[in-house]
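Have a look at these structures, which come just after this line.
In what follows, chain A forms one complex with chain B and a second complex with chain C.
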Partner chain A sequence: MRKLVETCITAFSWIALFLLIAALFTLIAYLVQKGASSIELGLFFGDTSPLDALMLKRQVFDGLFPAIAGTLFLIIGSMLIAIPIGVAGGVYLAEYCRGKMKPLFNLTFDILAGVPSIVVGLAGLLLTIVLNRHFPGQIAPCLLLSCCCLALLVLPYLIRTTQTALESIDPLIRKTAPALGASRLQNITQVLLPHSINDIVSGIILATGRCAEDTAVIMLTGVVATAGFPRSLFGQYEALPFYIYYISSQYTGPDELAQGFGAAIILLLLCIGLLALALWIQRRFTSFLLFR
Partner chain B sequence: MIVNTNIKIQTHSLCFYYYKQKVLRDISLQLPANKITAITGPSGSGKSTLLMAFNRLWEEIEGCKISGNVFMNLNGQNTNIYAPALPVLELRRKVGMVFQQPNPLPMSISKNIAFPLRLAHISNKNLISDSVEASLRKVSLWEEVKDRLNDDARLLSGGQQQRLCLARALVLSPEVLLLDEPTSSLDPEASAAIEELLLSLKTKCTLVMVSHYQDQIQRIADRHVKVLNGQCSINHRQA
Partner chain C sequence: MLRSYSLSEYTFLTAAVFSGMLTAAVFCFLFYFGLPLLQSGQLADLLFSSWSPGKGLYGIYPMLLSSLTLASLSMLISFPVSIGCSFIITALAPIRLRRVLLAMIRVMTGIPTVVYSFAALFFLVPLMRNLIGHGSGMSILTAAPVLALVIAPTMILFFVNSFNKVSPRFTLAAEALGCTKIQKILYVILPQAWPGVINGVLLGFGRAMGDTMVSLMLAGNSTAVPEAVTDSARTLTAHIALVLAFDFDSMEFKSIFVCGLCLYLLTASLMLLFRLSTAYFSKGR
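Moving on, here comes the complex of A and B:
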């Protein structure tokens, strides 16, 4: 009887794994089949010459180049805001916060993690409306606002991963530096954070993916269908997920639909590229922090 | 207060609490200078806690509380180590500690030894490399590692790692060395090497060692403190 149960559980695990991987490959194969034909230089730059577009001499209006740039800027901007705050928050919760405040903060961040992205977007929109009342005509939905809202969206992940990484460090390693005369800050910066950098970077990778794919937040805070290459933090911009969403609901012919699938492939490749970059940084960073 | 230069550490009705639990009860001890004092007792009797009371390391653990006093003869002065004015980091540089498991940090051998110096903001490179060499010589590790000081310290054998940790604790020339079962994760040969080292360190510092091994205590300890249910009894031995 026990053996039968064990066999069933093993079989179920295998099937689950197979389904998951099959789903992933079906998705990728479908995307490639539908969109591969559209992937050519024209998809990126339209009628503009690629060199002119890359040098920012001429704007691209019928290609994906501005959307790719917009998505990259979104990711960089929101990460620049979210990483310092998230890691600092995690360090505070794990190392400094004591007593009754801790469960309260934990609950708060759990609630924040559960807020749907559309609500975060609405909050950003509301902020612009309120600000607009005080500075009429000067505040409008823009790249910076989107970055702030996306940062707010991913902050709980970063705080939690940093906190969990720090709290799961072996007590012996935790005691090593203080026993040698390290202050609490020295212990955190020279031993505890380097020790947990792998877990923290994993959290950052997840958060980056979330920033790259989120549509609801940016839809309400500044993304538009046509804006050209983002020139300012205070201007509107294009982004890949919004482009995909827009094309899927508004396409006029099979060519445009294929472009939408092409954009989906590009977004996927962008995420894979960022993941590879993050893993590379993870390796370099660990040795840099620990062996300097 | 009687100031006796032969007494290195004195505790006065020291009590230790972990949340509501009383781990140590009313401990009053006098530990002699330049001797090895062994602390024994069953698991969970508070031996390691007693050690941590001497370098205030328990302050890093949530839920710990202490009452009573600990006086230590530091820089030739009888000092209350729990006096609010006493900087705890200074105390921990004077009172080194070695743990049961070797705990080299994931960096090179020389950087491990130099780590406490860096924590103390010492940046003179010559001074650092001299201190690293001197420390490694003190624990007879220099000859074994002098050609690979830049290798990862975690690649050393268990016994070598423990000697490395001992060298790291010695690099700031502490006056007191606390050892929490320093040989229990090592094989007999490596243990013998550590024991020999501890004997040779007696001239420079006062050693307080938690140990489970009766034969080890017989071999190297000058004094034997038994902890049972948070209370102490002392066996004097003729060294």
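Moving on, here comes the complex of A and C:
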């Protein structure tokens, strides 16, 4: 009887794995099959010549260039906000925080990590409404607001990865520099952070991937279907994930649909690329940085 | 001890406190905007009546029900698959295959949900339309497998992680006694690591409740109370995502905050449960 149960569970596990892989590859193969033909220069720049578009001489109307630029600006902006706060917060939790405050902070960041992204976006929208009451007509959903909300979304990940990376350092390494007379800050900036840099960097890249893919936050905080190349921090903008969502509900013909599939493939490649980079860094970066 | 309260510590402290305050700020925003509704004593009405703005009913009961149904259904699909996969990655597969599979699962966590939903919208929805025989093909049953695919990697990684934490003293002893791989998992690792399994399920359920794009694009967004899993339905997250369709002073818009509060409190209490059970089980060791 036991033998039978064991065999059944083994068989079941393999079937489960097969199902997961089959589902994944069916969806991706379908995407590639539909979208591969649309990936060419025209997908990015439409009828505009690529050089003019890149030099911002002419607007691109039927290409993905504005959306890709918008996504890049989102990533850069939110990371500029999130990295300093996140890493500093993580350092505080790992190195300074003692006593009863620590579990409280841990719980707070766990809750923040669990808050659905759409709720973060809603909070951003409410912020504009509040600000609008005090400064009527000046505040509208914009690129800066989206960056702030995305930063808030990835903040707990950054804090957590920094904290875990620092806490898992060997006590031997942790105590050497202070024993030689280094101050606490010197120990952190010159020994502990460089030592765990690969974990922190891969955490940052994972957070970047989340910024690139998240749709729910930006759709409440200023993304629109057609805005052109983002010209100002306080203007509306386009972004890849929202473009994909928009096409899925509003496409008018097979050409637009093919563009949507193309955009989905590009976003998929971007996110998988970032993730592969993070995994690779976790393996290789240490030796590269520490033993140069 | 004076030196420990230096400028640098204050900088780090500020960053941590600031991030912590943001968590509270999100809640306060939702609460502040939802307060007029809560004060007017309509909370029960809002939670348990249906959504028909024509009749002046703005209850979020259909969305709450859809969210819970969809999350539970996708957990029902995702849990067996995840636990099976984590068995394979922990022990059943040859060691090289394990590494490849683990890397694949980690890459899966990075696939954008909007890409999954987009592919499923044009692949799965027509299939379901033929299968169900009526409606648009967008239903809870269409969204559930895709949502299961989205939350599976998170759960698998968590399960594998907690299985690997079981001390090698136990697993090596089991191997020395001549256990097969599946026996090692079932009789040694699983009894040790089952709190991890429960925690993984809590995390997965939280993610399933919080996901927007899958339900927004695949579940159909009908505001009626879903009577069967083949019905079109709108989840709490999708309801919030459609907020911009409403006027900012309208009752519809105000009910959004109750949705947001609901989601916030649900995910926060799941997290609290997760923390408590982690603390409880690690103390029990």
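The rule we apply is simple: the second predicted complex is superposed on the first by the 243 of 292 C-alpha atoms of A that agree within 3 Å, B and C clash if a C-alpha of one lies under 4 Å from a C-alpha of the other, contacts with A are read in each partner's own complex, and residues count from 1 in each chain.
The rule is short, and it goes like this: a contact is a pair of C-beta atoms (placed from the backbone, for glycine too) under 8 Å apart; a residue touches a chain by one contact, two chains touch by 3 or more.
This one's a predicted model, so the numbers in the text were calculated from it and none came from an experiment.
Peer 1: May I ask you to decide whether A:R98 touches chain B, chain C, both, or neither, giving the answer as first, second, both or neither?
Peer 2: First partner only.
Peer 1: Does chain B (first) or chain C (second) touch A:V191, or do both, or does neither?
Peer 2: first
Peer 1: Determine, for the superposed model, which of the two partners chain B and chain C contacts more residues of chain A.
Peer 2: After superposition, C is the partner touching more of chain A.
Peer 1: Once chain A of both complexes is superposed, is A:L172 in touch with chain B (first), chain C (second), both, or neither?
Peer 2: After superposing on A, A:L172 lies in contact with chain B but is clear of chain C.
Peer 1: Once the shared chain is lined up, is A:V115 touching chain B (first), chain C (second), both, or neither of them?
Peer 2: So A:V115 only meets chain C here.
Peer 1: Examine A:L19 and indicate which partner it touches, taking first as chain B and second as chain C; both and neither are also allowed.
Peer 2: Only chain C is touched by A:L19; chain B is not.
Peer 1: If we overlay the two complexes on their shared chain A, which of chain B and chain C does A:S183 touch? Say first, second, both or neither.
Peer 2: both
Peer 1: Go through the superposed model and pick first if A:L269 touches only chain B, second if only chain C, both, or neither.
Peer 2: The answer is neither, since A:L269 touches no partner chain.
Peer 1: Go through chain A and flag every residue that touches chain B in one model and chain C in the other.
Peer 2: After superposing on chain A, chain A residues 183-184 contact both chain B and chain C.
Peer 1: Please give the residue numbers of chain B that touch chain A in the complex, ascending.
Peer 2: Against chain A, the touching part of chain B is residues 55, 57, 60, 62, 89-90, 92-93, 96-97, 99, 101, 103, 105-108, 111, 115-116, 118-120, 168-169, 172.
Peer 1: Please output the residues of chain C touching chain A within their complex, sorted ascending.
Peer 2: 3-4, 6, 8-9, 11-16, 18-20, 22-26, 29-30, 33, 80-85, 87-88, 92, 101, 103-104, 106-123, 145, 149, 152, 180, 182-183, 186, 206, 209-213, 216-217, 237, 240-241, 243-244, 248, 256-257, 260, 263-264, 267-268, 270-272, 274-275
Peer 1: Within the complex, which stretch of chain A touches chain B?
Peer 2: These residues of chain A touch chain B: 98, 172-184, 186, 190-191, 194-195, 290-291.
Peer 1: In the complex formed with chain C, which residues of chain A make contact?
Peer 2: Within the complex, chain A touches chain C at residues 6-7, 9-10, 12-17, 19-21, 23-24, 26-28, 30-31, 34, 84-86, 88-89, 91-93, 95-97, 105-123, 125-127, 129-130, 152, 155-156, 159, 183-185, 206, 209, 212-213, 215-216, 219-220, 241, 244-245, 248-249, 257, 260-261, 264, 267-268, 271-272, 274-276, 279.
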